[in-house]
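Got some structures for you, see below.
In what comes next, chain A is part of two complexes: it sits with chain B in the first one and with chain C in the second one.
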Partner chain A sequence: MGEKPIKGEQKAFMTGNEAVAWAALAADAEIMYGYPITPQNEVMQYWTRLAPKYDKRFLQTEDELSAGFTTVGGVLAGRRAFTATAGPGNVLMQEPMSMAEAMRIPTVVVIQQRGGPSTATVIYSQQEVTLTCFGGNGEGLRIVYSTSSHQELFDYTIKAFNTAWKYRFPTFVLADGYQAKMRESLVLYDPQAKGIEMVPTESFVGKPGTPGEDRPPAHLRNTYNTEEELFDVLSKNIREFEENAPEITEYEEFNTDDADLLLIAHGIVFRSAAMAARELAGEGQKVGYFRPITLRPFPQEELRQAAAKAKQVMVVESAYGQLLKLVKENLYGMEVPIKTHLRPGVGITPEEIVADTKKILGEGE
Partner chain B sequence: MKQEHFLQPVLEAYIGEYASGKSENAVNRAVQLAGLGRKVTLVDLDLVEPCYTLRPLKKTLEPKGVSVLAWDTDELIGLGETGNILKPEVRFCLRHPGDVILDIGYGTFGAQVLNLVEGAAEEPDLKVYAVINIARPMTSSVSAIVEHVRLLNKVDGLINNSHLGGETDLDFVRGGAQIVTEAAAVLGLPVVATAVMEQLAAGVGETDWYGHPVWVLHRYLPEAFW
Partner chain C sequence: MEVLPKIPKSWNLESKPHKFCPGCGHGLVLKALGQVIDELGIQDRVVFGCDIGCSLLAWDFFNVDSVQTHHGRTTPVMVGIKRANPELIVVAYMGDGGGYAIGSQHLVNAATRDDKITVLLVNNTIYAMTGGQMAPTTMPGQKTETTPYGRDVGVAGYPMMGPEMVSAITQEGAYVARGSVARFRKLKQYIKNALQNQMDERGFSFVEALSTCPTNWRTNAEKTWAFLEEQMTDQYPPGEFKTPQGKEG
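And then the complex of A and B:
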């Protein structure tokens, strides 16, 4: 065992990708599998710089399909394993992550969204929401945390390992190229020093004893012979996903009582929306925000309660309606009008949101 | 002959980790020299993120008398991560008359990037400064800085640029000055300066707690939002 990478707490100034690498170290991840792609490269780069020091491992595979499958394999062997990718790499990862979903393998994947479709830009977008939540064949039984700062990248990367291993669903940390590359201060910490217990990992295969005699056999499958058999397995998984959802979902809200306009945003765009809402609230306007931290499972009840108190809502995102789709689904049956501020592939400033909000509220008068 | 021809040109390269502040120090140094009426060329040698650092600042810096060697947006097509093309003038930047300040990205490879610059290896007056921020975990202690700087090949001096962005206070800068001073002693290198942002400058004075010059930084990089 190498020494502890972080002792107690330590103030630091770094890029988001580095924050992810340090978080994985702090969470005592054992191995990263990966294939280079911008804007997540420095996750790999820092992990490989740090790995020899702390007795960690890294495998660069030939593509993201393999990076995903080797992550699944590492976890099957009981390793606290993770990978990170973006854009077209996230597309390729969907096949292995569907397998993880089918077999309830607790993989951890960090996504730094870039512009799409295809190779598009290496820079930024929020266009991987649908892909990350629902990109596989199947029902999207995954957990997706959308972070908005370096501190959250650090906190939720650590948390993702615990969520994955506790609930045994593939868990994603969804950020973006801006969060990946920008520099920001944060506090690094040893989870233990904060009282965070890491959920222990265990091997899925090669357990001691004779299968069928000393223990139940490890019968791991992603293939079924009949529709009914698949239906039974899926029904159980769906039930467990839904039963655990209230415990997993996270959200944040502000000024939601009696809002003339409720801004709905996630990830880094949430920061702009929050600044806009606070500025407008400071001017006496009834503007609030609702931010889903988990995009999957979605904080449905909480959003419905907030939306029920609002005259109208506005979905703000750097995509053409991916968060909007989730919001519409979760507000189904409600009559609250939904406005939008959709800017696929580009950043959104608080000033733009303030201007748009003023226009909308002005129209209402 | 004009006076500037008698002056020894300042040739300096700034290297360091991501977020160490190498670009901010390079930009400020270039502006400072230009303010003295010197001819200054600022060179973007960031091979990882060439579009994100000096390019958006060209329009700010050129009226201040700094000639910036960096691509313009319309000169590039979207190569993405496939690679970047070195601007031809960058290869020959040391032949520019006057002072030449190089902002070298991807600090982990350090001075190796200078291999791309004609004459860099033979130029005795080219100084390479490692910019150190103790808020970076891999340069947060004396032993870590010593290890880091030894990996950088040629380094002629250290700059204490310890900061936490907008949350920096003087205690943090002072802590950085102490650690960087101790690391410099182990390495046998001078501490060229302690850099502080202008809001904190009044609390330090002209020299830091260990007698090193204080460089006052105006923060240009927050304007480099692409």
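And then the complex of A and C:
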């Protein structure tokens, strides 16, 4: 390998898509496969400008099916390979990612959510939560990080490669059009300088030696003859997913002791929720927040503990109940009332949350 | 005395006898491929990819690294592997449905991009694994489960002419041929030329193999062979459509 793309730490002011491209370089990703779709295009555009300087490769494919399946191929060849997509592209991406899920192939996919369903808007939403967490004809054995800032886009894109290669589940960085397109300041860094070691990659095919003579051949499949055969494979994968979940899950919380209202939000909406909670707390209101950083696996225990101490919770999201579904599932059996602030496909400001919160708390008096 | 025919060294004996129906042509195509892998001495660097449909039964056919993927997606998986590690020799093995229908965009674009891969496509005029529905290659008038009165080209369209199309969209340096399991030595030579083309890094390589499906054709041995030798070769002329000219690897 030649020169490192980033030496030590470097302050930057850039778009989220650019931050993703730099993060992939910093993580020593070796190849990107991609297909244009707004709002993720600049990930490819920056990657294609930077990659040749560091002996990295790129392939523009004919569609997202191909982008996903070539990414699977790149990983099978033992490379840190990734792709990025959005919206209808994310729909197509589910087919290759279900193969990755079935065969424990450590792909990395960056999703920049746009409006849905269908073509909708190229701008922004949080409507790809269900799709990214549970897409495909499977059980959702994948890891999904929901970022809320450019710094996190950089941090978690690097982390996604390590998580994927350590646990061997397809890993997603879930952001949105706002994060993709706006500019923000962040610190780029060489992971090594921060003490982050990249998890080594391994070839699934093309290892040294002649198969059948020096080593067993790799016979990789996702098709099974009997129900029991499939059940054995799935049981093992589900067990490993669940066993590793506590190590993988990440969350953030504030003011969760004795909250009159606990705001629950993820991604960029979490920033609005956090601003609202801090503002209200500053006014002496008992308002806190809980933010799942991993949507898959979900920080269930932590949310339940926070919710147990709250009088009520409010789910805030730019979708009509996708985070809400996760929250309800994970709070099952608890009696805490769940309020909602659901704005499918549009951004949510702290002011809106503050106003809604005051209304709800006012009602309670 | 040497006993013929020899079982290719690159075959995985543990998965033999193979799982294809009696009279199916897949075994012959895979035998030719096995012999070619042996003769070219590339068992240690071939990656064999197979599609859904009958071709998936080949997932453990060889003692070479093998990947079975979804219907139509063998081409992009093999492209992804080849782009990530050009040292490997990749073979995308599929049926006519996988290559010409659900995965046709991948075949067209890999061919146009001149990806240095080998696509080996078995044309038996039918979706066999799913029970004998019309394929892109079903002959005009041919009865299938979804054309029970025969393929009416006015409604169901015309057969896909794969090698003709691929040769039209590829660059000089590509290799394109159509063989038949009825002409084993020729078919084997075409497969060898295709793999050699990839090893020489000349360009995309594509071989269509005309094959048989007595199970879904509902034909006896004689009629099976007659359909292949007479009707299919009439519709689908075998031969080399494109050989690399004047371009050294």
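One rule holds in what follows: the second predicted complex is superposed on the first by the 355 of 365 C-alpha atoms of A that agree within 3 Å, B and C clash if a C-alpha of one lies under 4 Å from a C-alpha of the other, contacts with A are read in each partner's own complex, and residues count from 1 in each chain.
Here is the rule we go by: a residue touches a chain if its C-beta (ideal position, glycine included) is under 8 Å from a C-beta of that chain, and two chains touch if they have at least 3 such contacts.
As the structure is a prediction and not an experimental result, all values here were calculated from the model.
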For the overlay on chain A, clash or fit between chain B and chain C?
fit
Touch check for A:362: first (chain B), second (chain C), both, or neither?
neither
May I ask you to name which of chain B and chain C touches more residues of chain A?
C
Using the touch definition from the top, say if A:333 reaches chain B (first), chain C (second), both or neither.
neither
Tell me the contact category for A:15 with respect to chain B and chain C: first, second, both or neither.
first
Output check: A:188 vs chain B and chain C. Expected answer is one of first, second, both, neither. What do you get?
first
After the fit on chain A, how big is the angle at chain A between chain B and chain C, using C-alpha centres and going to the nearest 10 degrees?
100
Once the two structures sit on chain A together, report how near the CA atoms of chain B get to those of chain C, whole Å.
21
Where on chain A do chain B and chain C both make contact?
none
Considering only the defined contacts, which chain A positions touch chain C in the complex?
30-31, 33, 57, 59, 61-63, 65-66, 68-74, 76-79, 81, 95-96, 99, 203-207, 209-213, 217-223
In their shared complex, chain B is touched by residues of chain A numbered 6, 10-15, 18, 22, 36-38, 41-42, 45, 49, 119, 121-123, 181, 183-185, 188
Of chain C, residues touching chain A in the complex
10, 12, 43-45, 47, 52, 56, 59-60, 62-70, 73, 76-85, 87-88, 105-106, 108-109
With touch defined as at the start, can you tell me which chain B residues reach chain A in the complex?
18-19, 49, 52, 78, 80-81, 108, 133, 135-138, 140, 163-165, 167, 172, 226
